[in-house]
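Please go over the structures that come below.
In the two complexes that follow, chain A is the common piece, with chain B as its partner first and chain C second.
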Partner chain A sequence: MKAWSLLFGLTAVIATAAFVYAPFDEDWWLPSYRATNAEAMATLEEIDARSGALAGEVEAMRDLGGPASAEQLEGLDSGRRWLARQAVRLGMMADQGFLSERSRELQSRAALASEAVASAREALGIGPAPAAVEEAVGALEGLRERAEAAIASVSEPGGSLRAPISSAARQIDHLYVLILVITGLTFVGVMGAMVVALWRFGAKPGRKAVYSHGSLKVEIAWTVIPGAILVFLALYQLRAWADIKFKSSYPDVAPLAEVTARQFQWTIRYPGPDGQIGTGDDLHTVNDLHFVKGQPTIIRLKSDDVLHSFFLPQLRIKQDAVPGMDIPVLFDADKAGRFELLCAELCGWGHYKMRAQVTVHETQDEFDEWLARSLEEQDYPPPPASDPDGVAAAAVPPGPGVE
Partner chain B sequence: MSSEPHHDAPAQGPDLAGPDTGMAPGTIPTSGHAPGHDEHIHPAPRNPLFRYIFSTDHKVIGIQFLFSGLIFFVVGGLLALAIRWQLAWPWSDLPHLSALWDSSAGQMPPEFYNKLVTMHGTIMIFFVIIPILLGAFGNFLIPLMIGARDMAFPTLNMLSYWFMWPAFVLIVFSFFVPGGASEAGWTGYPPLSTAEWSTPGSLNGQTIWLMALLFAGISSMMGSINYITTVLMLRAPGMTLFRLPMTVWGLFITALLQAFALPVLTSALVMQLLDRVAGTNFFSPTGLSVANGPEEVGGGHPLLWQHLFWFYSHPAVYIMILPAMGIVSDVISTFSRKPLFGYKPMVFAIGAIALLGFIVWGHHMFQSGMNPALGATFMLSTMMIALPSAIKTFNWLGTMWGGSIHFTAAMLNAVAFVAMFVIGGLSGIFMAATPTDIHIHDTYFIVAHIHYVLFGGSSFGIFAALYYWFPKMFGRMMNETLGKIHFALSFVFFNGTFFPMHIVGMHAQPRRYADYTGFELFNNEAVIGLNQLMTVCAIGLGLSQLILVSNFVASLVAGRKAGANPWRANTLEWQTGSPPPHYNFERIPTVYHPAYEYSLPEAESDYLPQTEPRPPRAEPLDHIMA
Partner chain C sequence: MGAWRHRRQHRQRWLGLLTVGIGAIALAGCSEPEPVLFSHDARLSGEEFAEKPNSRRAIETIVDEMFGPSPALLKVPEGTGLPRGGRRLAGLVREPGSDQVVPVTYRPPGAEQPVRLEGGQALYHRHCLHCHGVSGDGQGPTAPFLYPRPRDYRRGLYKFTSTDYGKKPTRDDLRRTISNGIDGTSMPAFRAQLEPIEIEQLIDYVIFLSLRGEVERALIEEASFFADEDLAGEEGMEELRLIAEDLAQGVIFPNWRDAMDPGAVVQPLSPRVASTPESIARGRDLFLGTSADVKLECVGCHGASGKGDGNSWIDPETFNRYVFLENHDPTDRGALEKLREIAEQRQRRWGDDWGDPLRPADLNRGVYKGGRRPIDLYWRIATGITGTPMPAHVTTLRDPDDLWHLVNFVLALPQQPELLRPDRARRPTGSAAAATAAAGPGSGATAGSAATASR
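What follows is the complex of A and B.
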């Protein structure tokens, strides 16, 4: 008989332990981000090391008496090829949203360095070319410096109960911990009483149960005390709810973008140079949301077809997108890096793959740079031949799907 | 009162029709002794068609509901296992079903996953839990526990069962129409559900789904009216409202809830049906165009559906738990051999849950785009509804405390109900709090919560009821050892299946995703590993039910014969034969006291049936509590 009380007791202990141990641990979220980061970091470190070495190699050819040896030229050739490959890798990193603008910049620097090395090689094949060497070394040194800076600025998105990374997360996680403590203590108390009751009051021959129909005092106690706790909880959380969702408490900032959900993608529309959404110079992206670290950001959420839901788990933001409604959503992030945007409302067969890349930029300048370049790419798509890395793939020209 | 004509009179011998207290089943019990109709005991029809199939006997109808419900329990459970398979090993071949999907190389297509999710929810809620708790136990127990010969409207009762059949047929048939079964979730949110081309299941399946639910709703409504009338009008002499067992209170208040909430769902279902087949626009906003279809004239609003749907479906959550709460109260009191602690507070708590249940529906819509200020008021009412649930839990503990607990299979399941309901209730506070709901809404945390309430709560309540009333229903005992093994395995695997859902839910794994591994957030060992653990436990949970099935079938055929009152319980159903005769009671019993007079010091044994007066030496009852 006591075995049954143990079964209930053990279940309660495991449940409590799991709840205390596991909540929101960012270590669960980070591994896959880390895997992508590690891959990208390997690229950056390789660039850091080899572009330095290559710069030294080129530097050594500055004061040659005559044309460079075949061996030296071969070294330059392989360096040039290596740089071109790095440009492609960096382009892929940028497409994944890794370090966003930094990887774009690195990509163009790698392309530049590759060209500089190529022209240095051409010149050195004929005779001494200190100017070309100078230029190639400069380009390589610049690439190395930027790679080093990029390594230093790699940030993991994170977000956990211990380290919330947005205003909403701070309020929500605080409330979550408070409720966890209250409900946890209640649970332990109730289950403890139950286990003790099952343990102590198992049927024994000769012992009769207590004859009692209850006690008014006890009833009043266990009505008033939980009631007071619940009222406290209800009132206590109102501030957080108002701060996150009430339009009246939103800061006075212009909307960053208009996010329109449709089966099964997020189309995002940023104001162009005129600062207005809905004019001809807007930037349209698909599944690619950018904003700036530390700035309260408002988007206007719409839906083109069925219900969707705008869900940023690490930033603790969720809002349904409803056709026929235009809902402002406020959020921010304390950390730059890559995040994911999920659809959280069943929207059809492709619901599970309705994912967008979210890039939080370190600075406003970085964001502006991204916006300007994306606008340029959108308006003047470069001819396919000169765009082998598919840089323009992220930007989609206005089509029938977008107003 | 029986609707059958009076002339097909008793064929059972004069002793059955003898005069008793003179109280007719049709008279108001508090009005004293009225002229009796007890000579009009009807024997069971001899024609098996009317005896077992088109029966108006509440006991037969109850058992019909029980068997249909249990069959759909198996169907719903298998759908759940297919869901779990896909979540643990996304896109891997499903055993025995891969042949269905030649076109996708044996992989389950994502739209089929959405069908599984939708139909699992729909079947478990509308075809398993509500029919078993209300249809089976409501029908079987209400007349027996209040001392009546049958329901107030036996023919209506029969119809309430047979109106479920079109629903059963339609819901199964919907898998075979072009496009397949509905994919809009058990909540059927438009425009996904109304726009024909939004997803394959909305092509035809959704229309069938709506019609199935309409039939199920009509069936429930017939049942509710019957239960309300029966409890109010047909109580035995002396059975005042405050002497009703908690099971009857739970069923009675549930019937009231259903009677007032269901019309709203019915109108919503009709509106959605019209939107789909007649071109109305109740739920389509102006200019809506789905899947590049032509624009709708519109003028409606998708949130309207959510309000109407949840106005019924939140009370429906209580419809699915209040009867189980009543059942568990009776089982715990009986096997603790102790009066129910705080009977009247328990009754008022059920009443409070029912009343508050009507003003909390908006908590399903905190993130829906509904005005957040309205969300704040719904948050307050939702917080308050936790209070009566807490009171009930404390009273169950109070009942066990100081008792003389017999660990029968029924008792173990009832205790598990309390323990699991505590988890389900407390996790509800996280989502009642609007700010934390922002994060956990539409994640597996919600799925964990609903399963702790509906499986940990309602289903363990159903198991308890099954073990407890099986002897009364079929006249034979179930095997207790197998019952305990079934309980222990179900309890362990249940927790293994549903507890980790809280954890992955806190880590934001969204519900209704056919594959979550495409996200960097979830593509890690912890989340995938927990999902695999849940699936393994779910398979274990499914296999454990084979023990219940075999125990059920074997006991039905060869179980030990049960006496009239094997549990030595007080309520009226145990004071007649097992199984009870067609007319329930040879004489309509007279009730002398509330149902929970266990271990009365002045009584000879540790129980005192409601039909026996309290000994004169006993102290008067505590009228505030009992």
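What follows is the complex of A and C.
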């Protein structure tokens, strides 16, 4: 018996430790913003750290007596190469839609800084060049500041790695933690009581078993207390459910797009310039969802074939797509960047493939620019500029005797 | 006390046995997996070669010598035109004339260190094999359950190309297909799943499988000129080997290399024509064959209502019956054979060059398999769809603008069903009203009058 009670005790301790530490520790619980944007964030952080250091290095060469040493010049060279590489990485980030405006600006700044460092190196190879040094330091400081601002715009200083980044995420994470604490305490309490009972009332030589009808009081207590907890949870979560799922509580915004799930991809249809979905000027994309940071966004969710589920893990949004139904889904995001859209309902053999990219733009302008560019790509090649003569000429059917 | 000890010993023994058991299962799980081999053309194991064991052995041996017997040991012949000599097909490469096996690397733009490539072979096995099969024969485990069937690469024919009818696709064509998928089929879009460099590796591997399949097919043809006994000895083998080399280097590889040439892409003969009601009406007349100057056969396949129910094809009911309803066991081609027989009896079309069932596109649905850009539709109409009865129209049409009129018509049809079916005119209500009100009635009227005029 003692072995059993030890086993229970140990289980309770390990489980408690797991509950307490695991969800708040690393990124395995739910994909975090930082995990999805890891590469872009790493680039920004590297620029933040190293351009400052490089600026200091250059600064130190301002008041040299003569030409810089070969070692110092080598340092400048590697700094220039590093800057050129960052410019390429930033360009890729912008292409992928991670803060595209900021990334583009940073890219041009990195290119400028690279040039400034190159000319400083040129000048310092000959003799002291305070002006060139000044310029390079200025360019590097500017780059660092903008990188810092970009980081600040997407992650909160000192915030948890998994800081909730949408209205739904705040409500759901709060409920999750609350329920976790309640069930965790209950679990520990039950385990503890079981250990005590096993330890104290285990079989002992010479002790007789007691016959008992049970205790009404205790039975009422262990029925009413869990019941009360459940009723509390049921009522307490109503607000979150209503905010996330009730159409009546949705803000009055036009749907951003129509998302149709099919085996095994998300086909997305954005309204074109006329603002209407279902017309000839719509933009059709596959596995590519775009919306704007800080704006409540509604999509219309449909399914072409079987049940799918529209799951935005970082935004804590999940909604089943049901064939024959047109379901509005509301979400928003506080942070710009790239996220994932997954299918969370086993829909067939290719279920694992059903993954889309989500790009949250920092401003409406950024989104509009993306939309216009995509529409242009979809309309490739563009019709000739609308000069009335050209159109008229093209519209006249050629007669039979054209040859 | 004695009993307790005995019980403990007993328990320990059980524990020991359990450990051994779990260990054995784990070890069995870790043992070398069965090697995956490239499969050979089904004809080689069929009736055709039942009496010709030597021919079969010779063909299989030569193909394996040229391309490797299995994906894990694949070989890339000289002159394929694959980037970096085909090194991106695998993660590890043995350089010619060396015993060293080295990893294949790639330096992403902006990166300091090169990263290792997984290789097209490994990526293909993870993402494509279950439909397209180990050797690219379109016979993966999930293939029988799909319609349309997955592409069989071994003929080297691809439907959605920017090149002339029957010509190889460009890398860009394959890239578009892998990135965007094929709308209306089971081919998913891989853009969100794969890095650009991974897509390039897959393109390499798809081309590699095509090269292998084409060489194999050509050899099967060539082997029919040999008596089976001649291929029993080394002498006949050597002769066939030389023929294979000639075919590969002289015909098959150059065809693919030509597609890599930027000049292979068909450029529109005239600049794009704006989608005006007049242009759409002209496209409609061309489609219906009611234009006075040019007669096209669009309606024969796509039907007068554009639903893909033209008279040259087997009717949709029979088609659906044998492809979907009666096809209880999709791994058995019985139902499709029946469909083929019926189609031949009635002298109707029923499938494509790969022997898979096919229907002409329903143009009312707005599902464009090869892409919805105007240029994509231009290529479909101008150069046709390789492997299907959709012909190239670039020579049929005298006025190059007519191609754009057809494109404009096809793009407008899903929005304006009244173009072909006057009864389907949309009432100007709901979300579609704006577009229909803007373009619909005007174009409808023009289309109607043009049709009457030509009648």
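Couple of notes before you dig in:
The rule is simple: the second predicted complex is superposed on the first by the 240 of 403 C-alpha atoms of A that agree within 3 Å, B and C clash if a C-alpha of one lies under 4 Å from a C-alpha of the other, contacts with A are read in each partner's own complex, and residues count from 1 in each chain.
The working rule: contacts are C-beta pairs under 8 Å (C-beta built on N, C-alpha and C of every residue); 3 or more make two chains touch, one makes a residue touch a chain.
Everything numeric in this text was worked out from a predicted model, so none of it was measured.
Applying the stated contact rule after C-alpha superposition, one finds that A:I172 touches chain B and leaves chain C untouched. After overlaying the two complexes on the shared chain, residue contacts for A:E74 are found with neither chain B nor chain C. Contacts of A:D274 after superposition on the shared chain: chain C is touched, whereas chain B is not. Which of chain B and chain C touches more residues of chain A is settled by the count: it is B.
Using the contact criterion defined above for the overlaid structures, shared-chain residue A:R89 touches chain C, although it does not reach chain B. In the superposition on chain A, contact of A:D365 is made with neither chain B nor chain C.
Shared-chain residue A:D288: touches chain C; no touch with chain B. Residue contacts after overlaying the shared chain place A:F264 against chain C, while chain B stays out of touching range. Look at A:F246: by the touch rule set out above, it reaches chain B but stays clear of chain C. By the touch criterion defined above, A:R355 reaches both chain B and chain C.
Shared contact residues of chain A, touching chain B in one structure and chain C in the other: 263, 349-350, 353, 355.
Across the interface of their complex, chain A is touched by residues 109-112, 127, 130, 142, 180-181, 183, 186, 188-189, 191-193, 268, 271-276, 278-279, 282, 285, 291-293, 372-375, 398-399, 401-402, 404, 411-412, 414-415, 431-432, 434-435, 439 of chain C.
Those residues of chain B whose C-beta lies close enough to touch chain A in the complex are 109-111, 113-114, 117, 183-185, 189, 191-192, 195, 198-200, 285-291, 298, 301-303, 336-343, 345, 367-369, 372-373, 375-376, 379-380, 383-384, 386-387, 390-391, 393-395, 397-398, 400-407, 412, 415-416, 418-419, 422-423, 426-427, 429-430, 433-436, 438-439, 441-443, 488, 491-492, 495, 499-500, 502-503, 506-508, 510, 512-516, 518-521, 523-527, 596, 598-601, 606, 621-622, 624-626. Considering their complex, residues 1, 4, 7-8, 11-12, 14-15, 18-19, 22-25, 27-29, 31-33, 36, 168, 171-172, 175-176, 179-180, 182-183, 186-187, 190-191, 193-194, 197-198, 201-204, 207-216, 218-219, 222-223, 226-227, 230-231, 233-234, 237-238, 240-242, 244-246, 263, 304-307, 309, 311, 313-314, 316-325, 327, 338, 340, 342-353, 355 of chain A touch chain B.
Remark: chain A residues 85-89, 91-92, 263-265, 267, 274, 276-281, 284, 286-288, 349-350, 353-357, 377-384, 386, 391, 394-400, 402-403 touch chain C in the complex.
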